Structure formats: structure tokens, C-alpha cells
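First chain A sits with chain B, and in the next complex the same chain sits with chain C.
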Partner chain A sequence: MAFRIKKSILYIALTALAVLCLFPFLLMMVNATRTGSEIVTSFTLIPGQALAENWQIVSGYFNLFKGMANSLMVAIPATLLSGYFSSLTAYALVVYKFKGNKLLSVIIVVFMMIPSQLSLLGFYDLVTMLNLVDSYIPLIVPAIAAPGIVFFLRQYCEASIQPALLEAARMDGAGEIKIFHKIILPLMSPGIATMSIGTFIGNWNNYLTPLILLNSPDKFTLPVMVASLNSSTDITANQGAIYLAVAISVIPILIVFAFCSKYIISSISAGGVKE
Partner chain B sequence: MKRRVFALALAGLMTFSMAACGNSGGSSSGGNAAAGTDEAAAEAEDKAVAGSEDAENKLVIWTLADDLKQFAEHYCEQNPDTQIETVVIAPADYLTKIQSAMRGKAKEPDIIVAEPQMLDTMYEAGYLEDLDQDPYNAQQYADNMVDYVWKAGQDADGVQRAISYQITPAAIYYRRDIAQKVFGTEDPEQIGQYFKDYKTILQTGETLKNAGYKIFASDGELGFFAGDSAWVVDGKLNVDQGRKDYMDLCIDLYQKDMTAYVASWSTTWYQGMSGPIPVIDSSTDVWNEEQMQEASESGQTTEVFAYGLPSWGVLTMRDHVGDLSGKWGVCAGPAYGFSGGTFLGINSLSEKKDLAWDFIQFVTTNEDTLDWWIETSQGDVVSWIPTIEKHKEDANEIYGGQKLYEFFLEQAEGIDYSKVTKYDKAIGDAWSAAITSIKTGEMDKETAINNFYDTVESTYPEIEVDR
Partner chain C sequence: MASQKAVKSKKRDINKMGYLFVAPFVIVFLIFNLYPVLRTLYLSFTDYQGFGDPVFVGLQNYERVLTDKFFWRDLWNTIKIWGVNIVLQLGLAFLLTIIFSDIKYKVRGLSIYRALFYLPNLIAATSVAFLFKTLLDWKYGTINQILTGAGIMGSPVDWLGSTATAPYVISVIGAWMWFGNSFIMLMAGVQGISKDYFEAAAIDGAGRWKVFLKITLPLLKPILLYVGITSLIGGLQMFDLPFLMCGGTIGNPSGSTQTVVMYLYKFGFETNQVGFASAIAYTLFVIILVVSVIQFKVMYGKNKNEGR
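Let's turn to the complex of A and B:
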């Protein structure tokens, strides 16, 4: 009996939490179908009639799909680059013994703690000098150096890679790069996938850097475009359109999450079981 | 053990990325910029670039309000050899964007748009071209421009660097039907008398309260008319009697139950423009329609008599008045004030200054353009005096057929720009924070004012504070 009560309390609490988490999403969907004036003057969960109108406002400002394509063009390469190069670094730091290994690790941890906003101005100057303003290169290439991801993957590597595996591979005559590609990368893939979700979402939502670096409207990424809806003259007029744009822009994130969630769960539970 | 730590770290990271998810929706909505119409904006197609793609001249404009897109379109129709790229940037980040671009010595944008509160920063940083020199000779237009916007476009040395096409004087928007019932008149001149100074406003509030109305939705409505003196005079903080009277008025309005306790730009605030709003007390659920119905039957709702807004409020009100269209009027407030405005300047590094100047002239001084704009925007007030004169007789039906252009011109001519300092925003905010903490009983007056002095002192060490 006590067990039952405990269980039902648990379920009630969890349901409440789930509602709390999902409610804003629902509200966003509903508000995407209402006019700005309706949104600021009343509150309801019944969808309104203004979906088409909102869509018109959004497309009056920009081409949402162009923005999505632009965002993907930045987020996907950046995610791939950061996943590959971070795992490469992490692997080297764990497996190879060389002078300065410890020092390098410490430096990486230190860099992890510097907020990126701090270096923004210097970064902008660098980009100007390289003549790369208004291009995607400065948004993508720096993803190669991602101290946070290296740090986490290093932990992951230490936990999941057996030296015996490497020895066996070397004995069979595999080169170091081949070992990494054929054996280590697949072993680390759950960890990389987990990190990649974060990287992807981070890049997808990144606002300040593209805002500063991109100048032509047709190169703007999604968040920059959506934010420009705020520049309406009457702040209420575009509320519905903003909700709609945001609702559409989270779709790719939901897809990525659905696709990768099994990796997240497996890599977390992997930590809990003794092999 | 290590694994457990790792799993924990992962879980933490996931929480973070979730938080990031939520962020995209939260981008600030502080842009109550200039005037224009959302309808017209909806008509403006998906075009950041106006004019034909292969036109030989290309002009780049950076702006924080979408109205210039329409001007650009209009310009390109008449100048087919030009294309104009209008980049609209979210108001909250606009200055950051300009600053970083100018730091990189950018030749584009050719035209920089600014609002009054950013102008000083831009003048000091030297972003904007001197418009007094050849070939611009902007001073030729001085006589035809409303004085305060012309002055606002000048830097500390009086050099013209930016020009605005609109004026944004503040006014009181009031309900004609309530005025008729309570004061026996709805004439703007006479109603203006009920708002002529802070003391009278308090009496007006009392009268309205006795008649069952609220004078304002919030005491913040008077913010545009707060004090008729400069905050900083000769490097010294200046808190004169007017400021203190304003503080007392706000406290009285709040504590004597004359406002509806509604924050400006909130949901209920907008509701008040189209009809009754609930009297806020703990038992009424604002969101519940049934309860609201009951509340209105049992007399628990009230109506708001007046709003204080700049001239672009004409458009805000228009979109929200609903059935009360035609029942609003506009009259003068206790002081002159203004807020917002779209100023255009030329990037001092631009390579297309002639074209940029041509466009600025087209937007600010070309009477055909301005006639077209008044038509398109349905009520925006331009800064070019001959055009306002021409539209003097235009009646606005939403405001009971009142002749608004004439009225706003008068209000704008009363504004004394020499009282405006670059500290106004920060100091004004600190002052209203002090007022809020006094009226809600959080602090006594002395503590709050001392806090205010402390804030000013620590924000601007260069200002001398005489307590």
C-alpha cells in the first residue's frame, strides 16, 4: 500500500513537471495562430484564426526558409567539425603520454571558463583584418576548437577505452590514424552524439555572433531574422508573427533531439552500470 | 566513481542545452521605436532589397525600424537606376551592431539610422558625416524643420549630423464620452486645462474617481511629461521642484487609488483602450471571461480616462480602440515632451555619400514623399513644416475628427531641446525606480531619494551630486 501511495505521488509530481515543461510550448503553438492584439489583450488555449495573417507578416519581413537554410549551413558543418576534432584531441590527451599533456589539459579547462562574449570584439577585429566579414567561415571554422567538448570527451574516453583494444589493433598493424577512425571513433560515438546535440542547438540559437558578423539580409541566420520582427513600430503588432517564427524554428531542434535522444540515454545509463 | 561524475556532468549539460532551447523565444521586445504601419509593412513584400537587382547604384541602409523599407521602395520606383538594401536589426542590439561595424571601419552602411538616445554616442564616436559642409549645406532646410528635431540632429558643437523626417511630441489621449459625462465638455482645449499642471491632474483624478473612473491606467503614463528641466546643468545633477512635484503626484495617484494599477504596455493596459478593465483585487481572475462578466455586472470593472503617449501613440491606439473608435481625443499634457523618432545620418566612411544625401533629402524634405507617407502611414507626423501646414485641416475620425497635425505641430514647437542630456534615460529610470519604491511603501521618501543619488553618483562619476 505504502508503495502504491509513494508511486502515485511520484507520478503526480512527474505529471505536474511534464505539464510545466510542455505548457509554454503549447502556448507558443496557440499564440502562433492569434493576432498580436489578441495576444496582448487576452489569454486562451483555443487556437485563433490568424495563422495565415501571421505567416504573411513573417514573410513580409524575411524568407523564413532561407533563414533556416542559412542556419543549417552554419550549424551542421560547425557541429561536424567540433565533434570530429574534439574527439581527436580528447583521444590524444588520454592515450598518448607526452610532455605537457597535463599542462594542455589544464589550459583547455581554463579556456572553458572564458565566456565567449568577452572575446567578441577582438574576434571581430580579427575577422575584419582577414576580410571575412559577411561570410560564414568565421561562424563555422572556430567550432574546431571547443574546449568544453574536449574536456567532456576526455572524461568519456578515459572511462570507455580499454588500452588492450589499442594494443590489439597495433599488433595487427593498424596505424594510429586508422585506429582512431576504425576503432575509437565508433566507440566514442555516443559521447560525441551527446555533445553534438549541445553544439547544434548552440549554433542554431546563436544570435550575437551572426548578428555582428553578417551584414547582408539574405545571409542572416534564423535568430537574427526572427529578432528583426521586434523592430516593428508597434510592439504588439508582430507578437503573433514572432510566435509563429519561433515555433517553426524549433522544429529542426526537435528533430535533432528525437534522432539523438537514444544516444543521450544510453550514454548516461552507461555510466551507471558496472561492466 | 569517475563514471558517475561524468554522468552527472552530462545531465547538467543537457539541462543547459534545454535552457538554450528556450532562449530563442525570449529575445527582447523593447522596440517602441518610431511610427509607421504594420499593415503597410505586411504589404511590403519579402524584399530587403528595393529596386532592380542590376541597378548600377547601390545604397545600404541599416535601421532599427521597418518604416524605411517603404521609403526605399518608393525611392526606387522613382529612381530606377538605384537599388537600396535595407537591413533591419532588432532595436536592442542595434547600437552594438553599428559600433562593431564602425570599429572595423566599414564603408557600408551608407546611411545610419538612429533614435535620439543613441545620437550622442554616435556623434562622439564620429560615425556620422558633417552635413553642414559642401555639398550638403543642410542648414538651407533649417527654417522648414521643426526646431527640436533639427537641434537633436546636431552634435555638441552645433554641427548638423542627422535629420529626422518625423516629430514625436507627447500628448494626453482621453475618452471624449467620459469627458462629456464628467466635465460637461469634450473640447481638447478645455480638457487640456484639466491636465495643465500636476496639482490640477490630482484634482482631475479625484473628480474622476468620484464619478467611478480611473484617470490613468498607471501612474507611468505621465513619464513623457515628467519635469520641465534638464537633469544635468553644468555638470551638476539638477533635481528641481518640478521633479519633486512629479514624484508626489505619482505617489498620490497610486496611493489614493486613482489609477488602475496596470503597467504600461501590459495586457490590461491595452484592454483599457477599447473598454472596461477589471479593478484589480485578489478575488477577480482577469483571465476568466465569466468572472470578468460577473465583475462588470457587479461594478468591479472600471474605465480608464486617459493615456499619455507620444504622437506615434495615434497608431498604437488606432490598432486597439475597437468599438471606441471616434470616442478618443488628444490634448496637451502638463509639460512638453517627446519620445522616439527616426534620425538619418550618413556614414562618414561611406563611398556613396552623394546618393545617400539624395535619399535623405528625399525622405525628409521632399514634399511629394511626405504627402505620400502621411497617406500611407495614416497618421504619422512629419517634421517638414510646410507639409504639416498643408495637412492642418486633415481630420482623424478615430479621434472624433480632431485635426491632429496642427495640434502636434504646436506641441512640437514647445519642446526645448536644450533640456535634453545624454544622461536622461539612466537618471530618469533611477528616478522612477525611486518613485516606485516610495509609492509601494517599500522605502520612505528620504531613503529612496538617497538611493537615487547613490545610483547617479556611481553610474556617472563625472556628475556632481549636491544632496
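Let's turn to the complex of A and C:
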């Protein structure tokens, strides 16, 4: 009996914690449908009538859909590039014996541990020198060299590729590049997918790099756009509109999460076991 | 013999393909990873202002960093915010790991709880910052309304306006965002431990706490270290949350939430003292490195002694 009560208490506590994780988002959704003065005077979980009105204020201030499109224009190419080139690099490190293989592997581990802020100023200086300020190129191209992802895929490669398979393909006269594209990439795709979800979310949510690199408001990615709420005074007077703007920025990720939570969780678990 | 040689030379040719395959990575790595790291190091020894030619000034910037009382204040702020955050975050993650790995209670629904606990992690820090900034508003915020309405507090608290609460509010929000991540990693570690250990312990009649202290905890060490070091690297670079919630690089109220990276950002991108900002970056890096090594030594050094 005591056992059952204890177990119920555990479940209640766990559920309370889960609710605590969701509650701020629920408040956000509800408040997004209420007027500023309603939010200021009372608290409720019943949606209000002011969604359209709030939307008018938000859309008069900035175009969130443009921000989303901009974020996609950065996050999608960056994710594809890092998935493709990281698997290419990982595969080469596992399969081919060439000078510098070991050195490259060591450098990859070292750069995984180096904090990104360390190179922020040099990075900005480089981008200025290359005349690429206010362009998406410095947000996308560096994704080709992602040490952490190569590190993970390397281990995935070691576990999932059998030398006999490569020998057989070579016997059939397939070239190395063809082998990689026709045999290896499909074999590695679960691992690539796992890593790509993380890359996509990381890029979608990235704030500091686009903040320092982008100047023109019509190029702002979603986080930079949302952050520009800070400097606007008229919109801060209307809390409902702020909640709505934040809600719109959050919803795409909630949708992705609803469909991919399993993969997302397994990608973090993978990160945990790798050491 | 001849054919063997041919096979061998062909194999060497195949291995040469490795260069082609890693070439894109290496080129981009040299330009966008290695160069910025070295360039920042170089700039930290100059008086660079963001334009013109950098003039070499030796260790002047480092001297300035080490004697700058605001740098030390910000380092302390950062450690304070991170410290409270990591205790809450890892404590909660640990507690959850114990609950979900308990053999007696066999709590179900791990995948659902895990997903829900992880959710706050996915949301951009900018959105989280604005959400909480609005919810925590002194006069009009929903959180004060709930707390005063339920009679938990007599009068509304100015969460982000008081030095006594603002840094810790950031810590708590950080813990709320990241505990799910730590939990998933720790749980993955526990699931990686062979069931044999637990069964053997059960046969020997070991109690729950004994199992936890003697089996689970030691075997979780590598993952704990990994979580600890990644959290340290991330935590000492804390920027988004305090920057967006506490009035930009000022770190309101009265600089109590100004972190080292906010200080770096202020000089690097607002007042263009790039050389000085670069020295801040490298000083922070050295601190992170030293603390990581200490963390490593504390966790593994002791283990070695036990082995003797």
C-alpha cells in the first residue's frame, strides 16, 4: 500500500515537472489572444478575442514570415552542407590510409572543445576582409567544416561499414566517388539524419553570429528579428503582440518536435555515450 | 608477383582518394575555423580598433584585462549564474535519472517525460528571453499576478530589477531550459550500464543507495564529466539570456548580470576596442581550459589513487 502511494507521488511529481516545462508556452499561447490591458489586469487560461488585433500590431511592426524564410535560407543549406561534407570527411578518415589522417582526427577533437566565442572577433574581422558582411555566406559555408559532427559520424561509420562490402563494390569496378554516393551515404543516412536535426535547430536558433553579421532588417533571421522587439517602444506597450510574435517564432520548432522528438532525443543520447 | 604489385599500387591510389574527400573540410576549416582563432590571438596583442592596421602593443591588453575590475566582476557574475544554474540543472537531472532507473518502482513513460522535459531546450534563447521577460514584468507580468493572486507573495517582486534576484532568475531559466538535456545524457549513460551489475547487486542484497553509490555513480563518471565540461564551456560563455533580458550589454540592474561574453561583445562590437576584446576572449579561454582540467583531475585523479 505504502509502495503504491509512493509510486503515485512519484508520478504526480514527474507530471508536475512536465507541466512546468509546458506551462510558459501555454501562457504564451493564451496571452497571444488577449489584449494588452486584459493581460495587465488579470490572469486566465481562457483564450481571449484579440488574436486578429495583436496580429495587426505584429505585422505592422515586422514581417515574421520573412524572418522565417530568411532563417530557412540559412538553416537548410547549412544543414545539407554539414551533413554531406561531414559524412564525406568521416568516411575518408575511416576508410583511407593517408598522411595526416591521424593529425586531422586529433585536430577535430581539439576544435570540438574550443569555445566558439574564442574566435568571434577574428571571424568577424575575416568576414569584413572578405567583404561578406550582411551576406548569408559566412553563416552557411562554415557548416562544411563541423568538427563535432565529423567526430560523431566517424564513429557511426566505423560501426556500420563492413570492409567486405567495399571490396565487393570495388571488384564490380565501382569508382570510389560512386561507392560513397551509392553505397555509403544511404548506409550512413540514419546517423546523418540524427546529426542534421541538431544542426538545423542550432542554426535556426542561432542568435549571436547573425546578430553581428547582418545589418539590413530585411535579411534578419527570426531570432534577430524577435530580439529587435527590445528596441521598439510601441510594441512593448502591447504585451499581447509580444506574446504573439514569440509564439509565431516558437511554433515551427514545436511542429518539428512533434514529428521528430524520437530522433532528437536519440541524437542527444548519442552525444552522451560518445565519450 | 607482378599482379600483387599492381594490386598494391592500386590500393595506394585508392588511399590517395582520402585527400580529395577531406579537401573541402580542410579548406573550409583552415579559413573559417583555424584562421579566426589565430587572428583573434594576433589581434589580442595589438591595439586594433576595427579599421586601419593593427599596431603591436605586446601584453598591454592582457595587463588591462587582468587589472580591470569590471572583468573580474563579470567573471564572478558568470560563475555565480552558471554555478547556481548547474547545481539546479544537474541536481534535477540526477534525481530524475535515479527515479527512472529505479528497479523497484519501474516508472513508466520515460520517452514521453523525456520529450516533455527536453522541449524548453529546443526553443531559441531569444524567444525564451522575451517570453520570460514579459511573464516576469514587475507591474504587469503574469507570474507576479499568479503568485500574488494565490497568496504566495504579498506584493509583486521586481524579479529582473533587483540585484538580489536578477542573476538567479537567469540561472533558474537556464536550468529550466537545459535540465532535460542533462537528464537525457545521464539516462543514456545508465542504460548503457550492463544489467548484470544490477542483477548481481540484487542477488547480493545490496540496498538501493548502495547500488547507486557503488555501481551507478562510478560507471556514470565519464558522462558526468562530459556533461560537466560541456556545461562549463557553454555556461562561461553565457550571453543570449542576460543580454536580451537585462538591457543589452549593460547587464541591469547595476551590471549584476553582465557576463564575460557580454563584456567582450561591448568592446568588440559596440566600442570597437577589438584588441582588448580579443584579449578578453583568450583570457576566458584559458580560464575555461584550467577549470576543465581541474574538473578532469578531480573526477579521475581520485579514482587512480583508489586503484593503488
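Criterion: the second predicted complex is superposed on the first by the 213 of 275 C-alpha atoms of A that agree within 3 Å, B and C clash if a C-alpha of one lies under 4 Å from a C-alpha of the other, contacts with A are read in each partner's own complex, and residues count from 1 in each chain.
What we mean here is this: a contact is a pair of C-beta atoms (placed from the backbone, for glycine too) under 8 Å apart; a residue touches a chain by one contact, two chains touch by 3 or more.
Because the structure is predicted, anything quoted here is derived from the model rather than measured.
> Does chain B (first) or chain C (second) touch A:152, or do both, or does neither?
Once the two structures are laid over each other on A, A:152 reaches chain B alone.
> Go through the superposed model and pick first if A:250 touches only chain B, second if only chain C, both, or neither.
Both partners, chain B and chain C.
> Figure out whether A:208 sits in contact with chain B (first) or chain C (second), or with both, or with neither.
Both partners.
> With both complexes superposed on chain A, which partner does A:91 reach: first (chain B), second (chain C), both or neither?
second
> With both complexes superposed on chain A, which partner does A:24 reach: first (chain B), second (chain C), both or neither?
In the superposition, A:24 contacts both chain B and chain C.
> With the two structures laid over each other on chain A, which partner does A:163 touch: chain B (first), chain C (second), both, or neither?
neither
> Compare chain B and chain C by how many residues of chain A each one touches, and report the one with more.
Touching more of chain A: C.
> Which holds for A:119: it touches chain B only (first), chain C only (second), both, or neither?
In the superposition, A:119 touches chain C alone.
> Quick one: classify A:63 as touching chain B (first), chain C (second), both or neither.
So A:63 only meets chain B here.
> Let me test your reading of the model: by the given contact rule, A:223 touches which partner, first (chain B), second (chain C), both or neither?
In the superposition, A:223 contacts both chain B and chain C.
> Under the contact rule defined above, give the chain A residues that sit at the interface with chain B and also at the interface with chain C.
On chain A, the overlap between the chain B and chain C contacts is residues 24, 28, 40, 42-43, 120-121, 124-125, 201, 205, 207-208, 212, 223-224, 226-227, 230, 239, 242-243, 246, 249-250, 253, 264, 268, 270-272.
> Over in the complex, which chain A residues touch chain B? Could you list them?
24, 28, 36-37, 40-43, 53, 56-57, 59-63, 120-121, 124-125, 127-128, 133, 152, 155-156, 158-159, 194, 197-198, 201-202, 205, 207-208, 211-212, 215-218, 223-224, 226-228, 230-239, 242-243, 246, 249-250, 253, 264, 267-268, 270-272
> Under the stated contact criterion, what part of chain B meets chain A in this complex?
Counting only chain B, the residues touching chain A are 2-7, 9-11, 13-14, 16-17, 20-25, 27-38, 41-46, 48-49, 60, 63-67, 85-93, 96-97, 100-101, 103-106, 108, 265-267, 270-271, 274, 287, 312, 315-316, 319-320.
> Chain C touches which residues of chain A in the complex?
6-7, 10-11, 14, 17-18, 20-22, 24-25, 27-28, 31, 39-40, 42-43, 85-86, 88-89, 91-93, 95-98, 101, 104, 107, 111, 113-126, 138, 141-142, 144-145, 147, 150, 170, 176-177, 180, 201, 204-205, 207-208, 212, 222-224, 226-227, 229-230, 239, 242-243, 245-246, 249-250, 253-254, 256-257, 261-262, 264-265, 268-275
> Quick check: in the complex, which residue numbers of chain C touch chain A?
Contact set of chain C toward chain A: 14-19, 21-22, 24-26, 28-29, 31-33, 35-43, 92, 96, 99, 105, 107, 109, 111, 113-120, 122-127, 129-132, 134-135, 137, 139-140, 142, 145-146, 149, 176, 180-181, 184-189, 191-192, 222-223, 225-227, 229, 233, 236-237, 239-240, 244, 248, 261, 264, 268-269, 274, 277-278, 281-282, 284-285, 288, 292.
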